[in-house]
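Each structure below is given as structure tokens.
Two complexes are shown next, each including chain A; its partner changes from chain B in the first to chain C in the second.
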Partner chain A sequence: MRLTCPHCGPRGLEEFSYRGDATVRRPSLEAPEEDWIAYVYLRDNPCGAHKELWYHGSGCRAWLVVERNTLTHAVHSVNAVSVEDAP
Partner chain B sequence: MAEVLLPALPVMQDRVTVGALTLALLPEQEIVSVRPFKGHFEAVTDTVRKALGVMLSDSFQEETGSGGYAAFRAGHNQWFCRGPEGGNLTARLATLCDGRASVTNQTDSRVRLLLSGGGAAAIAAKLVPVDLHPSGFETGRVALTLAGHIPVVLICREPRLHYEFMVFRSLAQSLFDDIHIAMNGGIPNSERV
Partner chain C sequence: MSRSLFRGLAQAGGRAFRHGGGNGIDTDRQIRFTFDGTSYVGHPGDTLASALLANGVRLVGRSFKYHRPRGLLSAGPEEPNALVELRQGPWREPNTRATVAELFDGLVASSQNRWPSLAVDALGVNGLFSPVFTAGFYYKTFMWPASFWEKVYEPIIRRAAGLGRAAEEADPDRYEKSNAFCDVLVVGAGPAGLSAALAAAQSGVQVILCEQDSLAGGRLRCDATLIDGRPGWMWAQDAERRLSEMPNVRIMTRSCVFARYDGGTYGVLERVSDHLATPQDGQPRQRLWRVVAKQCVVATGGIERPIIFPNNDRPGIMLAASVRTYINRFGVVPGRRVIVYTNNSDGLRTVADLQRAGARVVAIVEASAHPSKAAQDLASRSGAKLFANATIANTFGRLGVTAAVIRDNYGKEHRLGCDLIAVSGGWSPDIALTTHHGTRPVYRDDIAAFVPAPNAANQDLHVAGVASGVMTDRDAFESGLAAGYLAAGKTGCGDGREQTLTSPSVVDEAYDIIPVWHGLDAENMRRAGKAFVDFQNDVTAKDVRLAAQEGFQSVEHLKRYTTLGMATDQGKTANVNALALLAEITGRTIPQTGTTLIRPPVQPVALGALAGAHRGKHFKPHRLPPTHRWAEEQGAVFTDNGLWRRAQWYPRAGESNWLETVNREVQTVRNGVGFCDVTTLGKIDLQGPDVRTFLDRLYVNAWQKLPVGRARYGLMLREDGFVFDDGTTARLSENHYVMTTTTAKAASVMQHLEFCHQCLWPELDVQFISVTDEWAQIAVAGPRSRDVIRQIVDPEFDLSNEAFGYMAAAEVTVYGGINARLFRLSFSGELAYEIAVPARYGDSLARQLMRVGAPYGIAPYGTEALGVMRIEKGHPAGPELNGQTTAHDLGMGRMLSTKKDFIGRRMAQREALTDPARATLVGLQPLLPDAPLVSGAHLLPKGAEATAASDQGWIASSAWSPTVGSWIGLGFLQNGPARLGEVLSVHNPLAGTVTEARVVSSVFVDPEGTRLHG
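Let's turn to the complex of A and B:
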């Protein structure tokens, strides 16, 4: 698999680390315990379109949001994380 | 407690030759990191262009201007500008950017090595996971990557023949040794375990 880093161009998978699901959002401090347990421990395992965090540790050292399809392995977009991506 | 003294290291070699290949330490340059603050990218680009004749480009190419000045993107919203030593580049850019960018001198942080000669691309390719074929890695192309375990900025000076490595000063000797081992047909890192 190759990811096209917005800062570095197309690079091999060995330069990146997978850093988790990019869709999870931190609950409010007042949220019930179940929401916090879900936030910390529970992850979906989608078959199809997904958004993931990747870290380009061997290149520009930026965190990236990768939109890809876990079924077809097609990579749709790779962007630097933005404020909106904060958990 | 007994005083612990580190053994004195020999001064780093500045040039080795193996057959047609040469690895040489390049002269010091003034290297400056420029990171425009939010909303000031255009103004900072304009300032750098007027001062050095180079754009802060989003491409993977190093931009070269007159007087030996150049700039390349060194990551997210970060550019490395460089020029001749003693040109007071950091102070000049800091004054011109006037608080619209973070301007940091990086001269002491990096050393530059140049690998030259027929087969240089093949030697460089032993160390970096980047495709160095001239169709993609042409003159001026920059790659932030790893040479073995050492973070480097690799810059193509001339496809197949000249490759510049910009490396952290504290890792320069290790990189020099690794490239030297590769030049001798060895496998870098294999003898360190």
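Let's turn to the complex of A and C:
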């Protein structure tokens, strides 16, 4: 598998590490416990399109949002995490 | 032909079965090799298989379960039978296919799975007990009594059904890994692959052409096809030469593309020097390539299938196209009296090749209802008997086929003498690479085969030639050119040259096949006569039928239940036949029955190649702290700490054991001064106006008021509320901080900080970088440490307790101007400093400390003494920060700020994590000081029964404390702090001991901390 890092270009999988769902958002301190449980523990396991966080630890150390199809393994986009994407 | 005649011919100088020159061998030169101790002669260009055939050796192995005599079925990598051991001693390699082992001078090969010899195999009696070995025998026969499995059944089965023997010594050869990048990767250098490579190369893109064979040409070397009026192999040779002259083409022979991974990544195994006696000029034995290609053309050709008939596994029963390969490429005719048995037009080509090579075709057996025109012509020219709508009903010959029974159109049986049966059950496109991404192939009735599914997700993959289901040479050339141009165009990297290549002229006949998979009638299927479907795993038609009867009707179940399609050949010649048979037995069509998907690797890949250079000490390279060489000079004993190699203790002359050494090191620190390299702790340099806010959110405690020149202990949680890491962070100037982490978590803390900054709080103005390797850091500890440090640090810096007290931090200079950082931190509980210098000065700092500390009795101490002293002080480390403990468990619950958000705050508040009944940190001391406490031992109320219900905690760390004069331990105990003074039972079930220990404070030495502040 290869990801095209927006800073470094196309690189092999071994340079990256995976975190998971990029769409979860850290709740506020006052949010109900259910929200925190969901944020920390609950993840969907979609078959198909998925937005994921990847870390380019052996490259530029950027956190990336990868849009990927978990069924076909097609990578649709790779972007540096932005304010809007912030989990 | 009788065996004695074979032996006689074999002795006639190894040329008995050479009919002339083959296009792939050099008959001017001879090379010697041995097989099972007998010496033979072959030619450069031979495989072990072709050389054995040329010498009349037909029996090359014994089958897996029944130990039946087996010969060569094929001439290529699909070979299921001819597995041999190559080479000797540490170079011995088992389960190698004789059909792909290139001959070299001095090759030593031997057969496997036989005892005492190939011709007389005592275990051949397995055949007599064959009812025991039917489908699912692993699951049925040896189930009772259970105790027999390990002691009786398994050893017997392993001896009887083993394959080859692995070498018993480490592999002495080298293996490499390499990367390559191209626009178009072409897999296979047959007519389609060469055409695709030529077309892509003409388009101006970068091309890699991989061929697993030693020679390009594919079937053009194996068949007597005329291309442009010349032998096909000459066309291939020309094409290869033209490609090799183009600067944008790289041809890799002996290179098998064994896997297609995501993102245009391909695994390629290059057998660099397998064909040589020993690797030369420092070359590796094999090289594992990772090829990244924008587009790929798969031109892997096809694999011929056998036909299933009773006793179809005798030596001398061979695939028809492989017979032609031996004749045309290797100049070997594998038999003199031949029966050709085919269900397709391609099989008939064998007749003319055999005749030209001097063999006599005694019969042509066609599966088709009516004799084909081609067969009639061939029969009349060769004098062969022609049987249509006929089958081979049985064969004879103990160690090689000597006769066959043909059942004709009317059911009448004809027994004919023969020494070779050339069988063709039609071609299966080699689609392995096209299914590695989970794309299921589709079945085509007209060619009775599975072909790659057209799939939009495979836009970077193009299939050409037989692999795509086009079955003639003309179509192979044309589909190859088309695929090459298309692939090159899709890369967008071409130079837009005109597409001028056209197919060469070739006389082709259409490929006709009728879907006849076996020569069995209902009676035959029931009878015991073995009709093999999978030769390598000894799976018969009866086994397939039995599996279906017992409910294993899906192909996946059939495979697992019968082991069909497993092992080194992965059922290349068996899978399609098996599922056709299963379809027939279950009354379904082949598409309804389905097919298994093929996973990587396409061919066996040695673990040595996958490991590459990463073996021995290179598997896990050591990180060495800057004082390592100096520590070696001191005679230190080292220990591995993750990747780091650290000094564990520094033995001195006269010390009789490690404990004596460690006790002396501890006492040196407690009474004088010692030092220890702590470079391995993670160091992160943070700068920016928002660093303190950042720290506030990372650590549980408060950071807003940390003044410049001070350090503070900090505790980090994970978002789930459990402790992540701890360390100190010092403020060097207004916006400049340096954080330390534990050695183990240095990388994950860095990643965590990156996540928090980039994903959670990008608005914070913070920059940070890991400086672990940039700074050598040494802890100098003990009541005399200030005296030592005073002589290291330049005199203008005031080191008095008032100016530089406990937890002070400063940028200083040492030895007249070398930048350094000084921290008044203590892990040992003594007056102590940590001094950091640029890593290149680490070695000389250690030497200077020894020199200036000599008057104070300075000595280095290792990780063991470090550990003893931190346990004496109750400082948590790895065993306590094990990912399952909370700040509350560690007695640090009150550190959690209630005035700010920080990572883990909310989840740490959960009821279960703050329950006072949780096991929390306590000190433990045995009632008898000399009774060892062992980490991992369980803590139970005194006298309680040793059950899980009464388990109330555990010992995390323990050591002999020379300061206390007793064993001491840190442990976690339910309601720990409330139980000071209680005596517990300490159970160590591993050693079977029960001792008693008292609950005490976790700080064993200087609980008031007066020494720290001295």
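Definition applied: the second predicted complex is superposed on the first by the 87 of 87 C-alpha atoms of A that agree within 3 Å, B and C clash if a C-alpha of one lies under 4 Å from a C-alpha of the other, contacts with A are read in each partner's own complex, and residues count from 1 in each chain.
Everything below uses one rule, namely that a residue touches a chain if its C-beta (ideal position, glycine included) is under 8 Å from a C-beta of that chain, and two chains touch if they have at least 3 such contacts.
Everything numeric in this text was worked out from a predicted model, so none of it was measured.
In the superposition on chain A, A:61 makes contact with both chain B and chain C. In the superposed model, A:72 makes contact with chain C only, not with chain B. When the two structures are aligned on the shared chain, A:12 is found in touch with chain B and with chain C.
By the document's definition of touching, neither partner reaches A:46: not chain B, not chain C.
Judged by the touch definition given at the top, the superposed model places A:1 against chain C, while chain B stays out of reach. In the overlay built on the shared chain, the residue A:26 is in contact with chain C alone; chain B does not reach it.
Set against each other, chain B and chain C touch different numbers of residues in chain A, with C touching more. In the superposition on chain A, the residues of chain A contacting both chain B and chain C are 12, 61-62, 80. Of all the residues in chain A, the ones that touch chain B in their complex are 7-9, 11-12, 14-15, 58-62, 80. Within the complex formed with chain A, the chain C residues making contact are 261-265, 290, 292, 437, 457, 719-720, 747, 751, 754-755, 758-760, 762-763, 901, 905-907, 910.
Across the complex, chain C is touched by residues 1-3, 10, 12-13, 17, 19, 26-29, 31, 33, 36, 39-41, 53, 55, 57, 61-63, 72-75, 80-83, 85-87 of chain A.
Listing the residues of chain B that touch chain A in their complex gives 60, 73-76, 129-130, 143-146, 151.
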